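Across the two complexes that follow, chain A remains constant while its partner is chain B and subsequently chain C.
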Partner chain A sequence: MQELKQVSKACDACGSCSAGDKIVPMRRTEGSDFLIALAGNPNTGKSTVFNALTGMRQHVGNWAGKTVVREEGAYKFRDKAYRLVDLPGTYSLLSNSVDEEIARDFVLFGRPDCTVVVVDATALERNLALVLQILEITDRVVVALNLMDEAERHGMKIDDRALARDLGVPVVPMSARSKKGLLELAATVADVVEGQVALRPHRIAHLDPELDKAVVSLVREIEREHPGILNARWIALRLLEGDVGVENELRSGTLGKPSHGTLSLAGGQ
Partner chain B sequence: MAVEGILQAAAQYRQSLGGRVHEAIVERTFEEAERIAERAVVREGEARKFALDLALDRVLTSRVWGLPVMGLMLAAVLWITVTGANVPSAMLNDLLIGQGHPWLLSMFGSMGSPSWVTGFLVDGVYLATAWVISVMLPPMAIFFPLFTLLEDYGYLPRVSFNLDRAFRWAGAEGKQSLTMMMGFGCNAAGIVSTRIISSPRERLIAILTNNFSICNGRWPTLILIGTIFVAATAPPAMAGLVAAGSVLAIAVLGVLMTLLVSRVLSRTILKGEPSHFSLELPPYRPPQIGKVIVRSVFDRTLIVLWRAVVMAAPAGALIWITSNIIVGGDSLAGHFVGWLDPFGVALGLNGVILAAYVFAIPANEIIVPTILMLTLNVARSTLAQQGVMLELDETATRDVLVNHGGWTLLTGVNLMLFSLLHNPCSTTLMTIYKETKSWKWTLWSALMPIGIGFAVCGLVALVWRLVA
Partner chain C sequence: MSATQIPVGGKARISALNMVGQEKRRLMDLGFVPGAEIERVLDAPLGGTIAFRIRGTVVALRDNQTDKIEVTPCKN
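Let's look at the complex of A and B:
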């Protein structure tokens, strides 16, 4: 008995595992310590994770394109307040529609302290494309490997450690619908924002040295023109691709400024 | 400009790199994703279990069976709603109005409240609110969970898939069928959901036509009128089916209007080719029945009900006041109705219905109680004091409308049509303005459906009167 008590005391003092932790939903999002973005492909369970952490009741549905606006909530974990932003689902960081633009702008220019990418374990390959794109622009990423129950139901098995090793960022297997893995996710996010985890994000080597040279020189020009601009490398790559949207936004100075989802139609006003 | 300099430099690099930078980056990203995924997936899923999804999809999204199965499912949901709501509606009605209303009257009487205060609060505000609750709560509490179960299961994108060819015919984007489906819950929500549509032209088409999806506020009106007017023409054993059938017919007409108006728009003021899009068919997931019920009751039913109550109370008060201010021998409401009447009758409706639609701009939910009250008021019925939103059961509602309002089957049918084809509520209009930032398109989305409604009702009335 005595021994047990000592163990539990040691447990309380340690904090290296999430056994004694609790996620406490909060009502207010102001004055929080950290800003967390929740990104991912459509219909991977972002809103379910969001609801589970913040205690909010965002509508969830089994179809792609349900969330079209940015939803915010907050929770407390290990005495720190986290503001959580639920983003519309997107397959890539290239924006085709207003909802995708909202997601892209926040990941790129919203200055989140950590970006949680919710990933569908049953469709790993397609989901990883977005993860890799986000790893291009930020180190502080946690991959929430959601729908593990679904994967199991289909007899799939996924080596989350191998995945974490390859991606160079933490991977948390979870089933948000049945509230499995939430504590681990909150603990991992806490570790990342506190700088407790070594992050070595996987960067795609582009093979073509000419491309790398072009990127470097463009980044220099962009940063000279716009001191303090975020993600100049990402902008440079888009310009090299000939992304008309990014070109226009750079011209008008609206890149990264929220568009509030307003529809603009040439000649329609 | 310096920005132009950067853009020029980028263009030059792009040229020297062979112009295939985008393709190269995308290819590399997907190669990498594939490689990492391959290493992480230790065991692939068994094909057998996915096979069930495939088998279901073979039926639910089949060219032959997809649409009929969809219609049958909607009909079944409506039938369960219509027949299932009767008993609880009657119970609520008895409790809130049969017992609550007299009790409140005697309470106010014993407190010595002046008769105009009692009239205003108990007969105006309370009765309007009670009516909305007893008529709307039961069907919503049945309809929404059923709809949410289908959504949770993953059926909605299949509907999109089935309707894709129709939307392409209409010159619109296939995702518009998803925003249309959101409109079946609430048009304001449907309009916000059009953000998933990438082309501004197609998004505007989706916004302008969203009103043709019957929203929460309109289902109860359709169900009630379908029950007491259309189903009354059928033998009693068939009544439930006929009522559900008539409501389904209006819903289907709404979908057809969406397609037709989209096509006309994309051929005239919003010209263009439909763009391609990809649609993800999610796996069928066994719905969490308990959660779905709780969620749809709290997130949808109670929110809609609250909105209706909040809108019904002041509307009830306003109607009571305008019915009790007498100018030149008639009440204000009476003058208004009389002024609209010739036009209304020409449309196969009447002045009361048109006036009620003006009163109900803030919320479609209160159409039927407003119509009842105005009808009794204009007919100077001894049944009601001035301006009382009378609560009646279904038979009595029919009697009032037929005997005092002079309604016929034509009036019932045209009210159902007009319920589909009229201006969006004020909340929806505000949302349209917020999303488009254009008064022009907001005005369009208000006037276009009213114009269509007038035309359709007028035509139906004309033909009906020629034939009958």
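Let's look at the complex of A and C:
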């Protein structure tokens, strides 16, 4: 017993591993140091991760309309306050349903310091489509490989290191339901927002030079019409695809604006 | 052939999606992309809808969408 106590004391004093770290749920979300978005396909355990980090007991799925109260919480980790936004589940950043638009707009225009993409380890192939889409628009991504317990039960083995290497961003295996991997997730997010990790996000190469030419000239026009707009390249690709929703929002100037969806938190309260 | 012609329990590989815009986008988001393998899992009792397994998830589609999914049969 005596020895054990000494070990834990030594752990508290040393900052070199995550063993001495603690996630402290916070009541208030104001004045936080970092803004973190939680994205992912439906039913991957985003809200379980959210609740585990913030100590809240939010129920999944209260995003049914546009004037909905967003799920937001906060936690403290290594003396920094993190504000966490739980987004509705989405298969893609390209779709048009209201809840998916909320998720899309926040990732694109909400200026999160880091986006955690929660993926279902048992359906990795399907989940990775969204990961790739998010990697197209931001470097600061952490993949939370959730439901690892479920995957193991199905006899699946996932090489998370190879996955992290191929994606170029950190991958954290976890089982949020049994609170496994939470400290590792918080530590990885901390490392990313503090710039402690080298991020080399995998980007799909557009092989068609004609397409590239069109994108470049469209980006120039978008930026001239809308100075300071975020993710002009992403918008250009949507326009070329014929995405009517994005086109209308760009015309009316509501794309990613606070009036649209839930983006009032971009600059704090 | 069209995905409606896959026998129940049979598998096929998607070769093309004969649709445009949002409808195509949505199916691709769900994993229905050329090269992906789909399995016809079951049919709705009164017809009109077919459930396919794609990348480990079962997704039900209406026949008017399934019609436009071009597939080639798998060997196994």
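In this text, the second predicted complex is superposed on the first by the 232 of 269 C-alpha atoms of A that agree within 3 Å, B and C clash if a C-alpha of one lies under 4 Å from a C-alpha of the other, contacts with A are read in each partner's own complex, and residues count from 1 in each chain.
Criterion: contacts are C-beta pairs under 8 Å (C-beta built on N, C-alpha and C of every residue); 3 or more make two chains touch, one makes a residue touch a chain.
Owing to the predicted nature of the structure, the values given are computational and were not obtained by experimental measurement.
Engineer: Is A:76 touching the first partner chain B, the second partner chain C, both, or neither of them?
Structural biologist: In the superposed model, A:76 contacts neither chain B nor chain C.
Engineer: More residues of chain A are touched by which partner: chain B or chain C?
Structural biologist: The partner that reaches more residues of chain A in the superposed model: B.
Engineer: Please work out whether A:125 is in contact with chain B alone, chain C alone, both, or neither, and reply first, second, both or neither.
Structural biologist: In the superposition, A:125 contacts both chain B and chain C.
Engineer: After the superposition on A, what does A:233 contact: first (chain B), second (chain C), both or neither?
Structural biologist: Neither partner.
Engineer: Now for A:242: first (chain B), second (chain C), both, or neither, which partner does it touch?
Structural biologist: In the superposition, A:242 contacts both chain B and chain C.
Engineer: For A:180 in the superposed arrangement: first (chain B), second (chain C), both or neither?
Structural biologist: neither
Engineer: Across the two complexes, find the residues of chain A that touch chain B and also touch chain C.
Structural biologist: Residues common to the chain A contacts of chain C and of chain B are 96, 122, 125-126, 129, 241-243, listed in rising order.
Engineer: Mind listing the chain C positions that touch chain A in their complex?
Structural biologist: 20-22, 25-26, 29-31, 54-57
Engineer: Where on chain A is chain C touching in the complex?
Structural biologist: 91-92, 94-96, 122-123, 125-126, 129, 241-244
Engineer: Over in the complex, which chain A residues touch chain B? Could you list them?
Structural biologist: 42-43, 57, 59, 61-66, 68-69, 88, 96-100, 102, 122, 124-126, 128-129, 131-133, 150-151, 153-160, 162-163, 166-167, 177, 202, 204, 206-208, 210-211, 214, 217-218, 221-222, 225, 236-237, 239-243, 247, 250-251, 261-266, 268-269
Engineer: Could you please specify the touching residues of chain B with respect to chain A in the complex?
Structural biologist: The contact residues of chain B facing chain A are 2-7, 9-11, 13-14, 16-17, 19, 21-22, 24-25, 28-30, 32-34, 36-46, 49-50, 148, 151-154, 156-157, 175, 178, 192-193, 195-198, 200-201, 203-204, 207, 279-280, 282-283, 285, 288, 295, 298-299, 435-438, 440-441.
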